[in-house]
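In the two assemblies presented below, chain A is common to both, partnered first by chain B and then by chain C.
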Partner chain A sequence: MTDFIQVLVLGLLAGGLYALAASGLTLVFGVMNVINVAHGALLVLGAYLTWLFWRRTGADPLLLILVTTPVMFALGWVGYKLFVQRVRGAPAMSVLLTFSLALVIQGILGEIWSNDFRTVITSYSNHSFTIGSIVLPKERVFACAIAIVILGLLWLMLTRTWLGRAIRASAENPQGAALIGIELGSVAALTFAIGVATTGAGGSLISFSSFFPSTHYLWISRLLGIIVLGGMGSLSGAFVGALLMGVAEAMVAKYVPNGLAWVTAVPYMVIFVVLLVRPRGIFGAWTREDVATV
Partner chain B sequence: MRRARWALGLALLAAALIAVGQVSATTKASGAAQAGTIKIGISLPLTGRFSEPGTDAMKGYKIWASLVNKSGGLLKKKIVLDIKDDASDQATIVSDYNRLISEDHVDLLLGTFSSFLNLPASSVAEKNRMVFVAPAGGSPALFARHYHYYFFSQQATAPHQGDLFSAWVKSLKPGKRPQSIAYPTLNDPFTQPVIEGIRAKMEALGIKTAFSKVYPTDTTDFDTIAQQIKSSGADAVVHGATFQDGVGLIRSMIKLGYNPRLMFQTTAPTEAADYAKAIGLQNTNGVMYAVSYASKAKGKRFPMNQQFVKAYKKAYNAPIPTEDAADAFAAAQVLQAAVTKVGKLDQDKMANWLHSHVAHTILGPLSWDSDGAPREAFFLAQWQRGKPQILAPRYIATTKKVIYPKPAWH
Partner chain C sequence: MTGPPLRRIAYGLFVLAATVVLALWPILNHDAYKQNVILLAFLIAVIAVGWNIISGFAGYVSLGQSAFVGIGAYTAGVIAQQHGWQWWYVPLGGAVAAGVAVLLGAVVMRVRGHSFVILTIAFLFIMRLVATNWTSLTSGSNGLSFPLARYPREWQNTPFYYALFVLLVLSVLLAWSVRRTKFGMGLIAIREDENKAGAVGVSTPAYKLLAFAASAIFVGMAGAVYGYYLSYINPDGMFDIVLSVQAVLAVLLGGRATILGPVLGAGLIEFISEAITLEPGDLVLTGTPAGVGVWRDPKVFLKAGDEVSEFLEQRRAHRRSAQAGVLDLRPVGLPATPRVVEGNGAGGRVLVEVKHLEKRFGGVRAVDDLSFSVRQGTITALIGPNGSGKTTAFNLIDGLMRPDSGEVWFDGERIERLRPWRRAHLGLGRTFQITRLFGEMTVLENLVAPLREFRWRQLAADAVAGHEAERAEELLDFVGMHAFAHERAARLSFGQQKLVELAQILMLDPKLILLDEPAGGINPTLIERIAEKIRALNELGKTFVIVEHNIPLVADLCDPVIVLARGTCIASGTAAQIQRDPLVLDAYLGEGWTVEEAVTA
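== the complex of A and B ==
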């Protein structure tokens, strides 16, 4: 039983981090109908920026979120203006475009920092909290806690601010939003930039574990699995989907024969099953309406 | 439009002239090679996932060529290395070795890094009946083909790399041996046979297997694996690892408070400075590993080793040569021995000589069976108080002391 609880706890801690990583992807899809396949690559880029700043300054990755988030926000804004706005509302084209962006980012990262694994190591990296016989690695606890705080702030922004209301209005009824004076282009650019900014924070938090340029394939398959499971476009769906994905990966690794080899297949299996059984995901609302009710 | 056509015509003409010039230059170089030099063709993974060992191997080959040239060359001819980059790609390496043989007309070949790349590369050499000495490539798959011209120039094939470790465990009194062992293993043609080799010997001693799982090469979460090992109750870990997963799993064991009494890893602990930095110098204490090279080795048994160490330090400003650079240097020494003893560039005679004689290298004496598999043993090493020490065999041991049980992590 202790074993089962330990596996469950590790899975939930991973899931909290996955939720933050998936939030930007689902937000961008919900508002703009753009499937940002480069989201995983941007997450890995965020991890590299954290690693770079950490190596230069020795600053804690949790603190570096304050640096990586605005940097990735700016990159998201520029990326939207240069590339993404041309494919807004065209999911198929957005997949092609953002996949090519992911490959370009992967190539640049490999060229600059080679294909070696990187990890950020802090003073608490080798330490854990202990509750009875359950062990909670400190970096996982901190990463999960901060991810949940940032998700809470994102939720507050979407529900309590003028910008949040504009984003939701643009998603729910673009024509209506335009009629009441919302500049759809600017809102879309802001939404995309916010979505990419989450990869700055998420990147800082994933930098505790090993990463290398092509890790983005693992991340994008996992994140797509999460938002398909939770319901594409739904922030709360992504949160629940992420927790389930974290637990599913940990359980498969532990209890399925040769499970360590099957972990990377879990997101694909989730996508298959959800599309067959409940194509709209667990939360089951139509995606664009769903974002409007986060 | 007409201007554009003219420009295009000129561009084509210029390209044709450059191509003709290059063909002429290649022909001249090839002619020169036949006159006063011996040209050795090599394709290495200088980029891509094997770029680190590939680059180190290139350093080893270059130092060998420079030292041999300084002492009069091979068969009194200057050695010229023709090195190509295969980008860690199996298709590219096949094309590279074909080009080296048919276009560059190299006189000799040397092998590349990893079993993964030597598998296809050695087939090209075998088809062309050319001796192919590989500095890495101990996977059983390479010897199952019974090639005549393939020689692996480390001391043992993968299934036997842990033989001295197994012998050391056997030498312990039954009550002192570990009671159950966990075998986490990276999915890799090198690591798996090493671990399977050790596991068979441990099970024959009656030591229980508490955990045995293979994880994919792109694994980044080692907490889950460490947790499973911990809950298996194993008191020892024998880990089939490369560098990153090796340090990743140790860090996760430390995090989860799991302290095995005995820890053996492949590859990772040999990368001295990086390993100590990644897991913390204090945590290296007691970790055991198998290694092919010892920089301190000297004497007749390890010819040219101290010259190699000195030249390496000077050329690359590094404290000691890496194991991969040393392995490449040794591969070149094997080829040198065959050429020198045969007295001419006769590939059949060179292969026959290697099948029936001992070649002396910086890794020690090497000899091969009819499939090109080496017949010696890797050194057994252990990190002790911040320094790598050789425990066995006796003739190269740097200490008689063995740290066991392994101290707890810090």
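== the complex of A and C ==
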């Protein structure tokens, strides 16, 4: 039983971090109907930036969030203006374009920093809190807590500010939003930039565990699984989906024979099952398709 | 596609010359490195040509295409490891790949758009994981070794070169035959508008499953040859998504939905990739042109020769029809009797009967206990306020939606559970409120796309030919759109599209024609022309059900008139009767109006 709770708690801690990583992906999809397949690669890029600053200055990754987030925000803005803007409205092509961006990022990272494993090590690495017989690695607790704080800020931004309302309005009904004076182009660019900015914070938080350029495949499949599970475009869905994904991975690793080999299969299985059984995800609502404007 | 003869001859000669040079290459040149490069280009070309069938023609964009290389290679490798190499492992690898493709197609049948792309990525990675973790069969990440080839060393890789060359030629021939047959026409119809394709009689599942098989079979065979050529395979190398992306990129570079574009593109890609051989650099080089290709033009980057001539031909057609269009604007007299339209016998009996039909969307009952019947030979109108369930009723009758309960009878058969194309084959034709022609097809192609039945042999028939093409041209004459026959449908005005859509469903020779707002959003001259056509067809025995808001037109054209409100039938009778019915006035004008007020107001 203790075993089970231990696995569950570790899964939830991972899930909190996944939720932050998935939030940008689902936000971008919800507003501009673009699946940013480069999101995983941007996350890994965020981790590399953190590692780079950490090695130069020795600063704590949790503090470096304040550096990586604006950097990635700027990158997101430029990326939107240069590339993504042109493929909006062509779903398959946008997947292809962002996938090729992912390959380019992977290639550049490999060229600069080689394909070796990297990890950020802090004073609290390998330290844990213990509650009874449950062990909570400090890094994971901090990462999860900060991820949830950032998600809270993102949520406040979306619900309480004019920009947030503009973003949600353009997600619900672009034409209507344009009619009431929302400049769709700027809102889309901002949304994409905010989506990519989350990979800055997320990247800092994942830098505690080892990563290398092609880790982005692992991340993008996991994040796609999460947003498919939660209903694409839904922020709260992504949050719950992320927790479920974290727990599912932890459970498979622990309880399935040869489980570690199959952990990477979990997201793909989730994607297959959810898209076939309930394509709108567990929290997505069915809407009329015949009157929807394309 | 009747381009200028000279240009076509030049293009044909170029293709022939290129084929001959590639066929003689290993004899003329013994450089092993160059041979290897061309061989890899062949592999990418085979994948690209296959991808083009499912993604270029049918519009289902896949990033899992390279999985079939792995499936073919592992099929051959697993057997070869135990029993030695036999040539028939190659077709076996192709058959297994095609089988898996059909299975995948059947499983993901209802998934489209983003979800489909994601699923294909998931499929590729699941295949890789199976190959990695099924160690008893595949030796997992240790990989498999093929037995050594037993031909003289000085042949170098020539046998593999020719094997892949032949597979490439065969797959191009397959793509070419798909493109020019009913099968390819159906796939393009699916790409343009899958629901519409079903509504005009294309059995979309059969088409899609066949397309999946056709896109995988030669890729599987090439995989078996490629594995034997490498002599050692492992999961990461064989199920490599970068190979998929390279193939997709090849198609985008060469021209999507073209025949030889993918081959040309594959050559370019392999040439570029070989320019830098560093592993990370390779990724940048794959990614960059793919990104640039999509970035420059999401549709097509560089068109292959045959498409250029097609493009020019369309330009000329456009100019021709622009001139013809001026003449065409004159009011049309009595319609020429369309002798290709067959009569449907005497009127009077009930052709359509709808019983207690119900359809809910969440909490909204769009259609709620709807019952009515339509007699043969009538022009029946279905009117009612917005949101009263008229279009939903159409969708339930023609099969775009299935009812939650209730029955639909058509010509003595119960049809509410039949798929749309089955209903089209029974004689049900339907136009849409917002026209849904296949935009990238010409007007003539739009007309020959509908199918009156499903037969396997029909798939291999020429796309535009014979009696059918004649019929199509006569129907275009009938609606006055003949001058636009070779125009792309998307270029027509809305009203013109309505006329073409009417001609299109007449190709089905339907007993019943459902028209959704034939007069909505078009100018009065065209409304008059459409009304004339409806009357002429009705005289030949065609039965119509018309949803329309233009009440004068309804009063002029239709008898009886059925009125819907809140998803149910509240009145029916002649137009004059309906206009005096207090229930109808209530539904249109809201409660609180008395009949007197409404009449005097």
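Everything below uses one rule, namely that the second predicted complex is superposed on the first by the 285 of 294 C-alpha atoms of A that agree within 3 Å, B and C clash if a C-alpha of one lies under 4 Å from a C-alpha of the other, contacts with A are read in each partner's own complex, and residues count from 1 in each chain.
Assume contacts are C-beta pairs under 8 Å (C-beta built on N, C-alpha and C of every residue); 3 or more make two chains touch, one makes a residue touch a chain.
It should be emphasised that the depicted structure is a prediction, and the values quoted were computed from it without experimental measurement.
Following the overlay on chain A, a side-by-side fit with no clash is recorded for the pair chain B and chain C. Once chain A of one complex is fitted onto chain A of the other, the partner contacts of A:258 extend to both chain B and chain C. Rounded in steps of 10, the angle chain B-chain A-chain C defined by Cα centres in the superposition reads 100°.
Touch criterion met: A:135 reaches chain B, while chain C stays clear of it.
Of the two partner chains placed by superposition, only chain B is touched by A:210; chain C is not.
Within the superposed three-chain arrangement, the count of touched residues of chain A is higher for C, of the candidates chain B and chain C.
Of the two partner chains, neither chain B nor chain C is touched by A:183. When the shared chain is aligned, chain C comes close enough to touch A:224, but chain B does not. When the two complexes are laid on top of each other via chain A, the two nearest Cα atoms from chain B and chain C are 6 angstrom apart. For the contact definition in use here, the residues of chain A common to its chain B contact set and its chain C contact set are 115, 258, 261, 264.
The part of chain B that touches chain A in the complex is made up of residues 48-49, 51-52, 187, 213-216, 218-221, 223-225, 227-228, 231, 243-244, 248, 251-252, 254-257, 278, 280, 409.
Chain A makes touch with chain C in their complex at residues 29, 33, 35, 83, 86-87, 90-93, 95-97, 99-104, 106-111, 115, 213, 217, 221, 224, 228, 232, 258, 261-262, 264-265, 267-269, 271-272, 275-276, 279, 285-288, 290.
Chain C makes touch with chain A in their complex at residues 55, 61, 63, 107-108, 110-111, 113-119, 121-123, 125-126, 129, 132-133, 241-242, 245, 248-249, 252, 278-288, 290-291, 294-295, 298-299, 361-362, 391-392, 395, 400-401.
In the complex of the two chains, the chain A residues touching chain B come out as 3, 6-7, 10, 14, 114-117, 119, 121, 125-128, 130, 135, 137-138, 140, 209-211, 214-215, 218, 249-250, 253-254, 258-261, 263-264.
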